[in-house]
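We call the chains A, B and C, going by the order they appear; numbering starts again at 1 in every chain.
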Amino acid sequence: MDLNLLLGIGRFVLSTTLLLLLTVPTAFIVIQIELKVIAGMQLRYGPNRVGPWGVFQSTIHGFKVLAKEDAIPDQADRSTFTLAPWMVFMAAAMSMLVIPFAPGAVAADFNIGVVYFFAVLGLSVVGLLVAGWSSYNKYSLLGGLRSAAQMVSYEIPLTLSVVGVVLLTGSLNFSQIIAHQLAHGWNVWWQLLGFPVFFIASTAEINRTPFDLVEADSEIVAGPFTEYSGMRFGFFFFAEYVSLFIMSTIVVSLFFGGWLAPWPFPGQLAGFAGTIYGLFWFFLKTYFFVFLAVWMRTTLPRIRVDQLMGVAWKVLLPLALINLFITAIAVVAFNL
Amino acid sequence: MTATDRETRIPDPIDLDRAEEARLRTAAGLAAPIIAEGSEYAGFELVGVPDRPLQTEREREMYTLEEGEMLVNMGPQHPSTHGVLRLVIKIRGEVVTDLDPIFGYLHRGIEKLCENATYTTALTYVDPMDYLSSMHNEHAPAIAFEKLYGIRAPRRAEYIRALVVELNRVFSHGLMIGFLALDMGGITPILYAFINRDDVVELLASISGQRMLFNFFRVGGVNWDTNDEFLSRLGKWHTTVLKTVTDNERLITENEIFKGRTKGMGRLTADQAIAYGVTGPNLRASGVPFDVRKAHPYSIYNELEFDVITQSSGDVYARYLQRIAELKQSLHLIDQIMDKMPHGPVQAQVPGIIRPRPGRAYGAVESPRGLYSVYAISDGGPTPFRFRMRDPSFISLQVVPVLMPGHLIADTMAVMASFDPVMGGVDK
Amino acid sequence: MRLLTERFPDVAHDLWTDEDTVEIQVARDRIVEALRTLRDDPEFAFWMLADAAAVDYGIGEHFEVVYHLYSDRHPAWLRIRVRVERADPRTPSITGLWTGAMFHEREMYDMMGIVFEGNRDLRRIYMSPDYRSFPQRKDFLLPDDAADSSAAGVNPLERPETWDLTTFSRELTSSAATYPPLDTTRDAPPAAYPGAGESADKSRPA
């Protein structure tokens, strides 16, 4: 056996294990942030009884979800009913493979990392559709269809706005995108139109307020998740918060320099200290965007479904195309 | 061996299986549910249509499904509603074509209950009707009973009444802002509105002893005079209320998402509003300048200076702006009341159980939801012979089925919230 | 204001006025045109229907439907009382004049049993649709006499035959309520009581 192959396999197994282990605590942390930040903005204490300053609240939420009864509707299709939460969660977990956490700490540094990421993220749409359909509940079905329509419509401006970054960098590899940002400055300054489009589209893609009509307000209760309880619902719930985290990481990687430090600090260091340094800045920026998403949730009301579709097709898509056009011209004209 | 395996599941007595249900239905003489001719629902079981013969013309119109229509039940238990209200909505895709509000879940028989209660006790029964504006609920019967008994409350009592009534209006309108935003998904304004409400409610607790169902009015006056704690709380509250309300309002009023969802929505013309009997801020937001305080002044409102505010468009946004404007006007009124309050007794000398002469009396007040009136008939005995309350939320609900067709389901909650119904008042 | 109501010499009688209310009585069959004149005539201009209430004057006595109207031109409320007989509790509906009277009339039907002819939607509004008596009437049975009410025996706990827990019978534990009621004699009080055989609730036919 080739030692490199063994080391490669070992490294892959280790990194995927770490990633999977990372998802649930990340979800817990993001939920805790949400609870406390929303409470602070609403001038009240958040949870403050479970653990010091209530830090174990979301962990207990996780255990509560495990302890609930697992009820399946009588006439629901059992196999697809069970499959749907796995699909959504796996889409989120698989997309974490390509996230550039630190120099050298990317689980799988594909040369088509960007394409892989958005392709896998689209699998969650299938999961939602399957969830809505298999519940044998016409309101769930309609909710699932509506959310699928929303996510599919917003994927187009999402991916188009990334193409601008790809054109600037000339590569689909996340590490190279970050290396390009190290040399030329963060992409947000180069993509002043692309970044807002991406940010809005990503908020809609992960069903966060103001685009969260999937999980609240839908006909009756919870749209496609109405019939789910216990750990199945837990999967959906965690998948949503993990995708919030993942989207924030992608925003940071594509536009804000990934693991690079901002201007007064040295961009990246070498060796093991460099990894720690990169991790620190990466998580700092990511959690800033998580905070931003939570802030938007606290402040903004929800958009209605027809206005939502209108925004996707009539506003974001043309803006993304214009951005693409301008970027392409600039790249060719100035030989960037 | 789980609870869901068919073989081992213990039969639930509430589940009737199909044969037994069919047997009971034929025994009761029930027909099959009505399906419109030639529609695509033939052969499907029909959910939502009531399984009894439809009694009225309107019911037949409502529960007959055309091509592509579906009945959705926004049931009495609701994540975001104003009490227990059941809305049966007929939708075609996403668009509402008809709506039928069904209530009565909170009906407590207050009118009948008050026929066996003395006049003073009846004043305590009316509080939980429209529980967000309890003082108004008590004011109208107090006026009616005083007319029956033939007395007037002393001037200081009238001023205190007007003061607490305007305080009640302030927090009720503040809450409506919160509820409107909450029904649209904004989770923060409701909590800011509750900050204001908490202050006012502590204020009213220091004068009446209760935070919510105040039981403050008596026939002939009010129960307690103002005390030091009340005045100091009032002063402190007065310095902060405008800022709290403006903060809350700024979060919503210029918000594009909010405006996009409320402008042009649920437009109520002035003629429609008059025909449907809508009163209060809802009517004034459609342009009709009718305010009971000016039209038929009661208490000391003819001594206070204020304007009747109206908005020109009758949509949800206009009703929202109307309430904010009225809230600020109430603050102005509170200023004037505090300036002009005379000294004197706060309760006329009235026996515990009053026995007015036989007669009829009608008292109307302007509650935050509209015209709230009481028609009381006395037969000379210790209890009212007939005690009828006309609640404004009850009447406003009639307009919702007229405004909703053509809008989307998500707008149902917005339009309902803009009328600010309180189901305690609707159901009595 | 009193002078103006002299316009209705034939239908209105019994004028009465208080410090702020003018009251007239109108006969039942002329009520719609009287209200229409009051609403449309520019001298009256009672554009707002403030309240529509029903009063029961006692067991064996008549009902009254009372309307309160408001006009900008007159400082007083106008109260119109329409006498409705108990034996024939029907009266014309005014939903043609004010559509907002619909819920008022539904409530009056539900609580008093007064039928409004011409109302498109006369169904019960507070009580459940299969309720059989009229709560606001003076001869309505109060809940203390639950055994005589139309809802007695619906709950399995009120029927002793369901108390034997050793046998499980689906028929006995399911609800006995059906619409229309299968057995109209089950509400009769047990024959052991004095006065048995006549229901105490006089608000509906035996």
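By our rule, a contact is a pair of C-beta atoms (placed from the backbone, for glycine too) under 8 Å apart; a residue touches a chain by one contact, two chains touch by 3 or more.
Bear in mind the structure is a predicted one, so any value in this text is a computation, not a measurement.
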Farthest from subunit B in C-alpha centre terms, which chain would that be? A
Counting contact pairs per chain pair, which pair wins? B-C
CA centre of subunit B versus CA centre of subunit C: separation in Å? 22
Inter-centroid spacing, subunit B versus subunit A (mean Cα positions, whole Å): 42
Where the centres are mean C-alpha positions, what is the separation of subunit A from subunit C, in Å? 60
Of all residues in subunit B, those that touch subunit A in their complex: 3-4, 70, 72-75, 79, 94, 181, 184-188, 191-192, 195, 251-252, 255, 257-258, 260-261, 408-411, 413
Over in the complex, which subunit C residues touch subunit B? Could you list them? 18-21, 23, 47-51, 53, 55-56, 66, 68, 70, 72, 75, 77, 79, 98-104, 107, 111, 120-130, 135-136, 140, 170, 173-174, 178-180, 182
Under the stated contact criterion, what part of subunit A meets subunit B in this complex? 38, 41-44, 69, 71-72, 74, 138-139, 209-210, 212-213, 216-217, 219-221, 297-307
Write out the stretch or stretches of subunit B touching subunit C in their complex. 11, 13-14, 16, 20, 24, 27-30, 50, 52, 55-59, 103-104, 107, 109, 111-112, 147, 274-279, 290, 295-296, 359-362, 364, 371, 373, 375, 377, 386, 388, 390, 394-395, 397-399, 427-428
